[in-house]
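Each in structure tokens, the structures are laid out below.
Both complexes below contain subunit A, partnered by subunit B and then by subunit C.
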Partner chain A sequence: MLKAGPLLTVTQLESGYNHLQILWDVSLKVLKGEMVALLGRNGAGKTTTLRTIAGLLKPKAGQIDFMDHRIDGLPAHEISRMRISFVPENLHLFPAMSVMENLLLGAYGIRDPGRTKGSLAFVCDTFPALARRRKQLAGSLSGGERRMLALGRGLMSQPELLLVDEPSLGLAPKMATTVFDTLSKLKLAGLTILLVEQNVHTTLQISDRSYVLEQGRIVMEGRSKELMKDDHVCKTYLGSGDD
Partner chain B sequence: MLGPTALWDLFVTGIFRGGMYALMAVGLSLVFGVMNIPHFAHGEFYMLGAYTAYFAFAVFHFPAFMAILSAASMGLLAGVLVEKLVFYPLRRRHPEEWVLNTFLVTVGLSFVMQNAALAVWGGQYRGITQYWQGAIQLGSGMHISLDRAISFIVAIFCIAVLWWFLDFTRTGKAIRAVAQDETGALLVGIDLDQIHTITFGLSSLMAAIAGASLLSLNPAYPSVGLAPLYKSWYVVVLVGLGNMAGAIPGGFLVGLLETFSYYAFGSGWQDVISLSILILILLLKPAGLFGNRGISLSKA
Partner chain C sequence: MSTGGSHRWVVLSPLSLFLLAVLSVLPLWVQDEYLLQLLISSLLLGSQAMAFDFTAGFINVINFGFSAFVGAGAYTSALLVLHWGISPWLGPLGGAVASAALGFFSGVLTLRLQGIYAAVMTWFVGLTLLSLTASLSGLTRGYRGLNVPLFLETAARRPYFYIIFGVTFLTFVSLRWTGSSRVGLAFRAIGQNLESARASGVNPTKYRVINFTLSCAFAGLLGGFYAHFLGILTPDVMHSRQTVEVLALAYIGGRGSLWGGLVAAFIFVPLFEYLKPLMELRLVIYGVLLILVMIWCPGGLAAIYTQLKQQVRWPFMQR
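Up next is the complex of A and B:
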């Protein structure tokens, strides 16, 4: 009945920790089916943006809308049940539980066993390594496996929007490639993704659009392909190291 | 010097004593592990259970099991109320320095509950001679009262049910998830407020059951909960704070330790011996016997 608007709209968001304000006037939009990236240096406010959208931080001002609902200020567990999954940089797995228990807790908000089974089949299909290790304790997995488990757990709730923070951090290059391939596949399968990544080069290649954050403000936005050719982006984020 | 029968008798006595310690300690451990509260009012729920069972059994003439069951319901109700009225508002308004603040709050709660009991029921002992008549005879010729035996079975049963609950139910898994990673639990959609209320209610329920089923051994009076509180802290510190599984063998270990030191050195020495052993263990293993994590002083 309504014209399809953006899935997620962040308007003039201000946020931070206690008395330390980190985000100033951040506005962004994510359309359904898009992969959008947030770029910026350490401390630019990328993680703070994701944490605020996920409800782990209360915004000081501004508005966040998701699928016609205003979600700013809601507690994190309610936002999770509205089908926004946040896969944080430091994962927050349940270390003394098995891989399977971690995955099933990912579907905590789903009370329909049939749907949970469907999610589980999808996740095991996406991450065969997790299926092989389903009885192992999450705390005993390798770094790469843990990251996959966190992604898998995030997908168990069948989210509309996936917020991913630094999915390739600390991974061997081959493992990082696997993670990026998986994200691309998920996007093709119709998932909407808001991605924060330190690997700017790859991120610009796989994402549709990007926002550049500097000192808590959005300084640029555009199609990722165009940003790749932009002087400022090239100099600041692609200048050294990548390629 | 100790024949096999005497040894066996001591062993059985220690195990029977340990069952209740384990039941109390598991609740304490649950509250610390899930809510990060060093709970010093745990004994007052034991006291509440003892009083409830006394009135149900001796005044209203309920059957014994019904008396214990009403104590359990009272414990659950009181636990839920205390969580909603005390810890929930505190968490909302001032989550900083949580461990220290909740420690002070539970100490205060303990005073308030004890004095409320004193005001309402007076200081006299309210006990019963027994729930069930009779005794069972062990192979060696030692008799153990049926009350003692049944209270042991009740303790084991409660612990088993709790374990089943934590392992196999959706809410139980959520409780363990909160204990392992609070942020992770929030991110998968677990309502922390709800889990905290359930956890505190369950822990108080178990303390009340302990107080009720030991009523014939320890009559109800306002400060009856102090001794069980100290014992359960002893167990929890011995095995390592927040280690729920460790609280069970820990309870039995303390029961055995006390029984043997009582036998070897007399009743005046039993606390001295067991506390000296605790100090020794903490000197060698500061995180406790089975402890692997330190105490985290912040909630985040």
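Up next is the complex of A and C:
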């Protein structure tokens, strides 16, 4: 597969909540067609990074470039319309809406009904369970189905870049495997993915490159295959304790 | 696969059509003027509850100044008729435009704020409108009351029932249609999960202002009809006491359902009328009911109805 220049470039990003700074000098790149993982312990700042890229948090300093645009400081709805999709960890579905309505909202920025139909067909194809339950309320879905819906909603806008936050969190191992398989398939189909995960082992296997975040700073980066053999990574994230 | 646009056409369920039909022929049997008056009051408050719910139940912003927007429409309509000689039938449209404009400007000012701050600001706007109306007594006659030309010469209630029924129907259908349209989807998204709505490409401020303006437009329209039905206006129509009653009906009826508030009005307006001694305690009772609804049944009457419907259909739905 051909790799072009970086799709997303984050440069010396600082971000946080009000006066509480969480991210310090975070720089990372995601090339077109890559699956890049962002690893780190609970509270390291992974979610904060994704939310800042998605425009849900305003950065305190630094720069974010997507394709040829500088996007830091833009409101979330504009960033979403530039085809960056954020699939949040705690799901954030619209619980009192049907599966179908949740999906349609994912394509809200698209004003072309023809394209929306295409997305819908693609998502229903990828997640047949969602198609069967399209009239059901999102709040009444099982944990695995909700994860599918969150991913499906994220795909509805036909994104260039998918930001996925802990898609396997709280899922049974079998269900988690399905989620990872789906992500791998999407990547093969040409989607660029920035993935945050606690399941370090699987993530290192399916991603191209990884960054390791500790206390809001990038402490390590490299090819995922090489990080798997790294001492620090083995001890901290793949150690016998497991996480 | 249908993209969900289909229920844009089926705005009203068979049951609601049936109930509306029953309601529309009711005055043919009800001869008692007093009873008709009660039905009209229920319609007036119920339709206000629907317009209120369009904001509270959809974008999750509570408009504590709601009745002030109703009053602004009422006074605008009355003054247009009195001073410009406009027909009372057109006055309420002027009221709707005036309240929509007021709603738009207060929306732009307040709706950037988060939920509770926005609510406090709407309360403030309401208070300001109320004291303006009271103090501009050269125009509004303040608490001495403004005599408003009626729609009709007759004192009979039945024609008024049909006028108010018509405007209630119009309110219900318009709000319902908007609520199930593409714009309505954005409203509900903002109400259910602001962050996801933003991440889905919905501009929250824009859609909140659209929603608020629409709700205020209907508040003004209903206010206009209220004015030419009642024949007299005092600044008290704008009091937050009125808002609390409308809020209680909307919440007891079920947030986000629209129709719930109308049904609740048909239960509680007659109830308080027949239990005269309780009239004074109305707000207290509404308060207690509100608390009970929030604890036991946050979805209100609408949720009870949905549950019943599911239980009835349950045996046939087994897979």
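To be clear about the criterion, the second predicted complex is superposed on the first by the 236 of 243 C-alpha atoms of A that agree within 3 Å, B and C clash if a C-alpha of one lies under 4 Å from a C-alpha of the other, contacts with A are read in each partner's own complex, and residues count from 1 in each chain.
In the analysis below, a residue touches a chain if its C-beta (ideal position, glycine included) is under 8 Å from a C-beta of that chain, and two chains touch if they have at least 3 such contacts.
All values derive from a computational prediction rather than experimental measurement.
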Subunit A as common anchor, with subunit B and subunit C clashing or fitting: clash
A:L188 touches, of subunit B and subunit C: first, second, both or neither? neither
Partner chain in contact with A:L120 - subunit B first, subunit C second, else both or neither: second
Which of subunit B and subunit C A:L105 touches, first, second, both or neither: both
Partner chain in contact with A:A131 - subunit B first, subunit C second, else both or neither: second
First (subunit B), second (subunit C), both or neither touched by A:C234: neither
Touching partner for A:A172 - first (subunit B), second (subunit C), both, neither: neither
Common ground on subunit A, meaning residues reached by subunit C in one complex and by subunit B in the other: 54-56, 75-77, 80-81, 85-86, 88, 92-97, 101, 104-106, 108-109, 153, 157
Contacting residues of subunit A [partner subunit C, same complex]: 54-56, 75-77, 80-81, 85-86, 88, 92-98, 100-101, 104-106, 108-109, 113, 116-117, 120-121, 124, 131, 134, 153, 157
Residues of subunit A touching subunit B in the complex: 54-56, 75-78, 80-81, 85-86, 88, 91-97, 101, 104-106, 108-109, 153-154, 156-157
In the complex, subunit B residues that touch subunit A: 170, 173-174, 176-177, 180-181, 183-192
Interface residues, subunit C side, partner subunit A - complex: 1, 3-4, 185-186, 188-189, 192-193, 195-204, 256
